[in-house]
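Two complexes, one shared chain (subunit A), two partners (subunit B, subunit C).
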Partner chain A sequence: MKDFFRSTGVICALPVVVLLLLVFIAPLFLVFGFSFVPARTFDLFSIPTLDNYQSIVTDTYYISFGWSLFLAFLAVVILFLICYPLAFAMAKVFGRFSIVITMAVVISLLVSENIRLFGWVLVLMKGGVFLGYLEHWFAVELESWLYGAPIIIFGLVYVYLPFMLFPLTLGISMIPNELRQAASDLGAGRWTIFREVDLPLAMPGILIGCMLTFVLCAGAMAEAKVLGGSKVLTMADEIETAFTYKQNWPLGSALSVILIVTVAGIALFTLRTIDLDRILGKTR
Partner chain B sequence: MIGTYSRLSRGLFTLYGVLILSFLYMPLLGTALASFSKKRYVSFPISQYTTKWYSKAYDSLTIAQLVETSFFVALAVTAICIVVGFFGALAYARYDWKGRRVFQKFLLFPIFFPQAVLGLALLLWFNFLGIVPSWKTAIVAHLVWVAPIGTLIMAIQAYSFDPSLEEAARDMGATRWQVFREITFPLLLPGVLSGGLFCFLLSWGNFPLSLFTTGADSTLPEWLYAKMIMGYSPLVPTVGTLTVVGAAVFILAGFFVVLLFKRVRSW
Partner chain C sequence: MQESNVILQLRNVTKTFGDFVAIRDVNLDIYDGEFLTIVGPSGSGKTTMIRLLVGMDKPTEGDIHLKNIRINDVPANKRPTCMVFQSLALFPHRTVGQNIEFPLKIRGDDSSSRKDRAMDLIRLLQLPENYYSKNVMKCSGGERQRVALARALAFDPEILFFDEPLSSIDFRLRKTLEKELKDIHRRTGKTFVYITHSLEEAMVMSDRIAVLRQGEFVQIGSPDDIYNQPKNQFVSEFMGEVNVFPVEVREDGSLHCSEVDAVFACPSPHQIPGSRGSLVVRPEAIRFLEPGEQCSSSLDGAVFNEYSLGSRMQYNVQVADKMITVEKLREQRYEGDFDRSVSIGWDIEDSVLLDITD
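This part shows the complex of A and B:
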């Protein structure tokens, strides 16, 4: 019987693993290979060079990299603060009503992200929904909030909210009510319960949420382009320009490798300690 | 008493939830409003309302072409994801095998991966293999991201069923195929339906992967983006609203099918 399950498991995993090896892992290796090819050439089999990595430092590409990480960090902090109360309510207060919220959030997620960002442009632009009606009804004229770093963070918070909300909800629902009750009976206040019981026990969910949103924000591009008006160049932006407009694949590859290593490093570090069976098996 | 909440704090939590939801839907509302504006360049408050952009969108051959491409890409992605993801989900949740933990984490990586970078990496890969990008390569690109998500959704369903059912069938002499057909598949069907729904919609709305991998073809989100960045067209809010409505109809239909399915099963 054990044997049956073992072999069936391997057979079942095979199709998706083969698919991902062919169209996920293989392209990544190709990108890695291209990052050592002389700049602005397209021949993979030339003498390897580190020039592309050097030009990341000399041509100030590291500034975009810093911006991406900085924006992502701020977005994650804000997301955690915004999502925690709602996640807590969904896991502990709402009961069945939380299904309605889950559905509504998921449905919004299925709308193409550039339509949603464009919607914010319509809402926030000069003569948009907010400013237009504000002027019409109250004769108040304000400058538009579009274009700049704060609005990019706003866009990141908006687009990636579900990716913080759902892991947090899963994490918080892993806290046994009895434990919180016991802590309370022993005289712990709300703040103490939060710090000593809730936070540590919900940590897997918190870690996954923070990691997920950080990684997604660090690789984001559309927010800076649509809302930020390209005032700030993000890492993904630079990579795209290198590949398309500049036709410099080796440079684009080198930038990609840096981003990929950062992302994979953070993801691996977080996932190392987490038992996925426990979290996913809990969702029902 | 911890775990019980007064009416006031419940109300406050609910209010907060509604606030977040309105935050999420605000831009969709803005887009929908703008699609009814008569002026070529929208400005609020809207002075004159019209539905002419909708009839324009309906008559436009470009848009029909875009819908067709997006639809077929999404359909192909869904079909492949259901097959691959179904078995992947079993391996993910059901069977205990060596390498399962690694497999579980490996599957998460494409989901976390920056999609724009993934699209470019695939462009490089297709070029290396000598494949000219078209809507067919976009199917492959979508698969990288959608297949793991579909697998996860089906895995959540797979966690919930009892392994002893399969064991019992096996003990009574059922072959591997019989176990699959009579036990595993029927039990996982609800997960397959919701997984398929997700795969379709994620592919339908995907933009960063399509951007670099469709070559000369174009999907709806790509066209919308192109028109937002340069050469604004008054059809943008209209088409945007239409894709949202299309997705909503699809979700409702899917929801209805699942409901119907549960009814039939409970008889």
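This part shows the complex of A and C:
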């Protein structure tokens, strides 16, 4: 045990471990602890109670919980359908030109998410850039598309596109071209090659992309608030309200724990089915 | 072999990439059931050739006929031919059995007949039967070769193409697999077309060899033809170590080599005096002469060094400034000392006069 603490690796890793424990793990434990504190109190050392969880179950939180998961799920599906062809083209067709797309996507990340979302509000609001000019030039008056579930999904897809696109591109670029040629040579058509070769071999990238975007979407709040105008309450929204407006930390903590456990459960389940080593190229 | 036996025919096939001519006006007949090897150094157009044959590329000019049907524009997945890739291109996420069954699955065979066929092939290629459910990436290099071959055979192609599948295998295993491939060829009776850069490999396996150089066939013939009657110096040197003497034809029809200042008998008579060429003599055709022994072509020199090649011994004999390679069976090895003067010589029929120019 003494030797263990003397090894160079452990000594070098120690500062990072301490930092992670303090700023990453500790707050989570704090949240976990607060979820068992009586409602609307701030004493971490009071007698533990399950009241918060009970009130969540009896209240209507399941609606926002359902919305969060549903919006995230739908956004992931749409993201996959949009990104797969694009990622395939970037990995196998565009060649050097794909750097242009990469740059375009990365540059959009340099601007804060909220600013980009408010930009969309200006474009889509009634009398805004799009509808305003439409009315001005063609005298067509349309209802604004803002404030509803579809525009939230649009926002999620828009904001989290890079997180699906890049893992997919990586996954698809790992498929050797010769495998596709061999399959074709053995008589396989395009659809069979997609099903039998592309899809299974790109699966690590696909799963990582889906998992990443799902976790991000499930915890997203800005899209629902800015674009959705809080017409749809998401879980992240409820948690924020509990911590701030309601001044009910224990309730907010309990809500957080439920969200974390659910999303982490889904993520871990997905991770177990893929071999991360293969993605990092350790085998072969 | 008759015309009716031709299964694949190339007629005046040319393939260009921009200004670069990869294949230039090539004709080739491939006979049903033969083992043909196309051999050439890197950059000779081997890869382009096989891509044309398999259907991954279309010829710029000329026609490819399979059993008298023009197939220029038929893509690879619609052709009844199949290729074993250099990288083997096995599906890494599948078992040995699933890899072999892939073409059968596409054809729509039911699972029990697929498995029967896969097991037949596993036995034919002498893989252990329990490999059926083994992941293909856990197999060794030689085993993967066999799986790739089994998968191609499962497709039941009219012609089976090989794109240097043995090039990444170590020497000893490669020797075994070469012979194995020839045995499989005999067992199945399929047409095999093999591409390689090693003429040695081609010699071991093929019924016929086509030597490719800069997009053209230099010589097409049996291994014997290629070995004993090479059409030019390129072919003879490609086969391995040979002795090449630049010579000039003299008035009396004999050959003079200024490099070693000697006169040799000419193997192909009626040459025009004054023309130049290369006299090629294989190392094993040269022998050490006993004192007083006469020979149609002989040279005086000294043994510089010897090398053991296992069953054979090789010698470098220095004549003037030229090193001449001589090869003997171990039992017939040279017993004398280095640097002592020796006479070497060869019979007229063991030499070939090539690349004659006026």
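Assume the second predicted complex is superposed on the first by the 257 of 284 C-alpha atoms of A that agree within 3 Å, B and C clash if a C-alpha of one lies under 4 Å from a C-alpha of the other, contacts with A are read in each partner's own complex, and residues count from 1 in each chain.
By our rule, contacts are C-beta pairs under 8 Å (C-beta built on N, C-alpha and C of every residue); 3 or more make two chains touch, one makes a residue touch a chain.
The structure presented is a predicted model; accordingly, all values stated were derived computationally and were not measured.
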Combined model on subunit A: subunit C and subunit B, fit or clash: fit
Which of subunit B and subunit C A:E196 touches, first, second, both or neither: second
Contacts of A:Y133 with subunit B and subunit C, given as first, second, both or neither: first
Partner chain in contact with A:Q181 - subunit B first, subunit C second, else both or neither: both
Which of subunit B and subunit C A:F94 touches, first, second, both or neither: first
Touched partner set for A:P204, first subunit B, second subunit C, both or neither: neither
Winner by number of subunit A residues touched, once subunit B and subunit C are compared: B
First, second, both or neither for A:Y158, with subunit B first and subunit C second: first
Partner chain(s) touched by A:M221 [first = subunit B, second = subunit C, both, neither]: first
Three-chain overlay, closest Cα atoms of subunit B and subunit C, distance in Å: 5
Subunit C-contacting residues of subunit A that also contact subunit B: 181, 183-184, 283-284
List of subunit B residues in touch with subunit A within their complex: 1-3, 5, 9-10, 13-14, 16-17, 20-21, 23-31, 33-34, 42-45, 83-85, 87-88, 90-101, 103-110, 112-118, 120-125, 128, 140-141, 143-144, 147-148, 151-152, 155-156, 159-160, 163, 167, 170-171, 176, 198, 201-202, 204-208, 212, 220-221, 224-225, 228-229, 236-237, 240, 243-244, 247-248, 251
Complex interface listing, subunit A residues touching subunit C: 176, 178-179, 181-189, 192, 196-197, 200-201, 283-284
Subunit B-facing residues of subunit A, complex: 1-2, 4-17, 19-20, 23-24, 26-28, 30-31, 34, 44, 82, 85-86, 89-90, 92-94, 97, 101, 104-105, 107-108, 110-123, 127-129, 131-133, 136, 158, 161, 177, 180-181, 183-184, 193, 211-212, 215-216, 218-222, 225-226, 236, 239-240, 243, 249, 252-253, 256, 259-260, 263-264, 267, 271, 276-277, 280-281, 283-284
Parts of subunit C lying in touch with subunit A, wherever the complex brings them together: 54-56, 75-77, 82-83, 85, 87, 89, 91-93, 102-103, 106-107, 137, 151-152, 155
